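These are the structures in question, set out in turn.
In the two complexes that follow, chain A is the common piece, with chain B as its partner first and chain C second.
And then the complex of A and B:
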């Protein structure tokens, strides 16, 4: 029925559902910067392998998964027309399990000999992510006519399933519970599904609707919206099979990279054709993110045919991280001010702060500058530098401040402003 | 798909004028912005009126459903009427920041509203309303004035 579609008074999950995820993600970002800072000055002396594991998983789970799951709780009613009932309790459970799981996992990576920590980490993370998957996919499969976004979101979530399964397998191996014959094979499958399936496909699917909606651009070409996400999924499944059968994956990786390159180029083109003249920071974040995606996929494309240096490999990873974070920041600076205004306005507060009063575009622009410098420094240096690390903390610290400011505006209005009962 | 096509074209026209007014505001040309904004508000409010006085009653009559989609759309129209009023006030006060801030909320709300209508409600109208009635509804809508 129609009342499944779109954000309305009784369907929009409370602001706390989204904010708890966003605040936690920012704190993980701040802590990551501080951890890398201490490593750069040799205050902590973990091995490079442990440092790498801690960094990658703080970013992918503590930061990205928190942002993405929080955003999904909010966006599923708008983009896919599905509603998760009693979202507050469910979001609290997912959030709690995920946060504890990430913390335990990071301790496990830091204190490598403790098997129990690996077991607990895989249990908490598995429960958190599979519960979130169950909540969302259960509703998504009920949709009779899918839009390109709802289809893509469903596929991105589906890609999270093998990511979690193989991730759990790797964690249990690290903990000494099981033994894999070829650890690197499973690792490659795990991160291929995580980065190119879950993260990239979710961003692609969301962009199909929000780029046109936020910036009034021409629609994406039908060939892209109809076939891109499904093709990537099929290629990733084939890639997994080829890896397990020890066949070469060159063509598959190259095709995936080429498809994402085409998508990123079209997105940049669409953004430059936008009818809205405002060049706010969110447009810059999108453009910068897509440029970084192009850089990362170009190196991946070259790397699938030729042996590339570790410096180029590093460039590709940093560019990918920069891409994912840029898009997340672009979304947050639209979502949070809009939702704050939307909820207060619907609750009957006539003096509800407008979007610019919640987070002024100037504040988002400051974040863009910090983010830009941070990514450029990390792209230019192969070692962990104190400056790059500190900039990560400043970047997430600034976001944290903006989110807290928005919450304060929200609670202040509720306490002090006149409310009209509908 | 005659309802969908007719109504969708009106949405796109409103988007164009909205963007033009926003551009003039950014350039600080309030006189031009006022003219464009008036055009935007007239077109948008007329579009709402067409839906509320012609399309929605026909849909409700054919389907017998008055509590579903059309009720929600009417509620959202009211929300947007409120924002249009605030935007007019900001233009009158030549308050660039206030205008752009309200315009941001308006744009997201409007696009989301349009998305629901285009993807669901208009398609439902095209399916549920008989062809001759669809043609007469469009003719009626063409005569609606503010």
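And then the complex of A and C:
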């Protein structure tokens, strides 16, 4: 897929590198659904604080970080033209450390009195994420002429650094190893960098290239591709400073929300200007994701100036989760069929399954319907219900099945089809 | 000499890549592949290069890219350009 400037598809890492992360993310999603289901039926009875921490971190680390790091291992050679040498071993290390780290962290949140678990979680997660950052950033800084995407990806990864530092700090505080004077200050800095820096900026940066290429739309305006990501980064750094100095951050938060609102509006506008509009589930995921991003940022904007109810605050968080998941699903249903076909085709399998045989577009559409209903129910109830939890399990379960199906297609072709030299 | 032609100017990724790869596999030594695109398809060109194909790219005054790919190393690709 696709760089316009200097990629090599041959440098794309093996399929296993990406699939390992995607499968794990799906499993974390299924486990989250099951956990919330048992909580809603009072089968497990964790406090609402523990439930909140487990939910947020399963989603942000187990699901989102796994998807995003897996996609980056695949997309960096393609979107940025950089190559991570021996990607299989390195990806395995990041994947192993991250998976263990997330599991230990979730247990720590469930069994709050165990200091050792907090220490181990911070060690595993710190190692996993800093190692991934080192692998990717050291290649990205070598690029002489950055595209808007490669620059944005570098900035998004940079935003992961304070996210991890402050996250580790919070974990060690929870474990009783250190003491923070103002826990809520550090928490706000941590999630601002995580949500608005790392997750949002990565999505924004990737969209600059893939929206135009995947959907044949007009390009984003130059003002957005050139300045948006850097401006958000500067505002986030300023916001952190203001929080630490205990200055009001209203204007900064509102400006960030306004900039993201402008971006999401332009993205929707671009998607409606497709040259060949077809009923494609990945477009629906993008449109739904952007609508949710607008909802989340609108509430953030209002909340910057007025006192809003906790229900409205929850609505904003759920809309943000829905936004991030929608875009991740859109990307997966593009990446996995293409990679499976490409690797087989490049290996010389003449009868390599076409992309729609790997994951049929109908399967992606089914996932969109499930995902749409899940998010709408979650937004309407603004709480975890047994139905919402069940739908989360089904949504990730369906994705898991589709990924396993793609892997089976891949291995079947390798085992049973004839190879040619070309 | 058979011309495999693809106008990819309004095609979404990765469809042009998928069709191009199919054509490159089907082409005999005497055939050539001619593609029209809005961007220079670097991934395809690198792959073609790796597989021993010869290629030529040219951007016309309308900013469209003309790509000619052949297996035959003796083939004068400039002669095949239609601009």
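Convention: the second predicted complex is superposed on the first by the 411 of 422 C-alpha atoms of A that agree within 3 Å, B and C clash if a C-alpha of one lies under 4 Å from a C-alpha of the other, contacts with A are read in each partner's own complex, and residues count from 1 in each chain.
Here, contacts are C-beta pairs under 8 Å (C-beta built on N, C-alpha and C of every residue); 3 or more make two chains touch, one makes a residue touch a chain.
As the structure is a prediction and not an experimental result, all values here were calculated from the model.
Of the two partner chains, chain B is the only one touched by A:357; chain C is not. In the superposed model, A:341 lies in contact with both chain B and chain C. When the shared chain is aligned, no partner comes close enough to touch A:322: not chain B, not chain C. By the touch criterion defined above, A:101 lies against neither chain B nor chain C after alignment on the C-alpha atoms of chain A.
By the document's definition of touching, neither partner reaches A:388: not chain B, not chain C. In the superposition on chain A, contact of A:147 is made with chain B only, not with chain C. Within chain A, the residues touching chain B in one complex and chain C in the other are 1-3, 5-9, 78, 213-214, 216, 275-276, 338, 341-342, 345, 354-355. Residue ranges on chain A touching chain C, taken from their complex, read 1-10, 78, 213-216, 275-276, 338, 341-342, 345-346, 350, 354-355, 420, 422.
On the chain C side of its complex with chain A, the touching residues are 10-14, 17-18, 21, 24-25, 39-40, 42-43, 46-47, 50-51. Here chain A touches chain B in the complex through residues 1-3, 5-9, 78, 81, 147, 209, 212-214, 216, 275-278, 334, 337-338, 341-342, 345, 354-357, going by the rule given at the top. Of all residues in chain B, only 15-16, 18-19, 22-23, 26, 68-69, 72, 75-76, 79, 97-98, 100-102, 104-105, 107-109, 111-113, 115-116, 119-121, 124 touch chain A in the complex they form.
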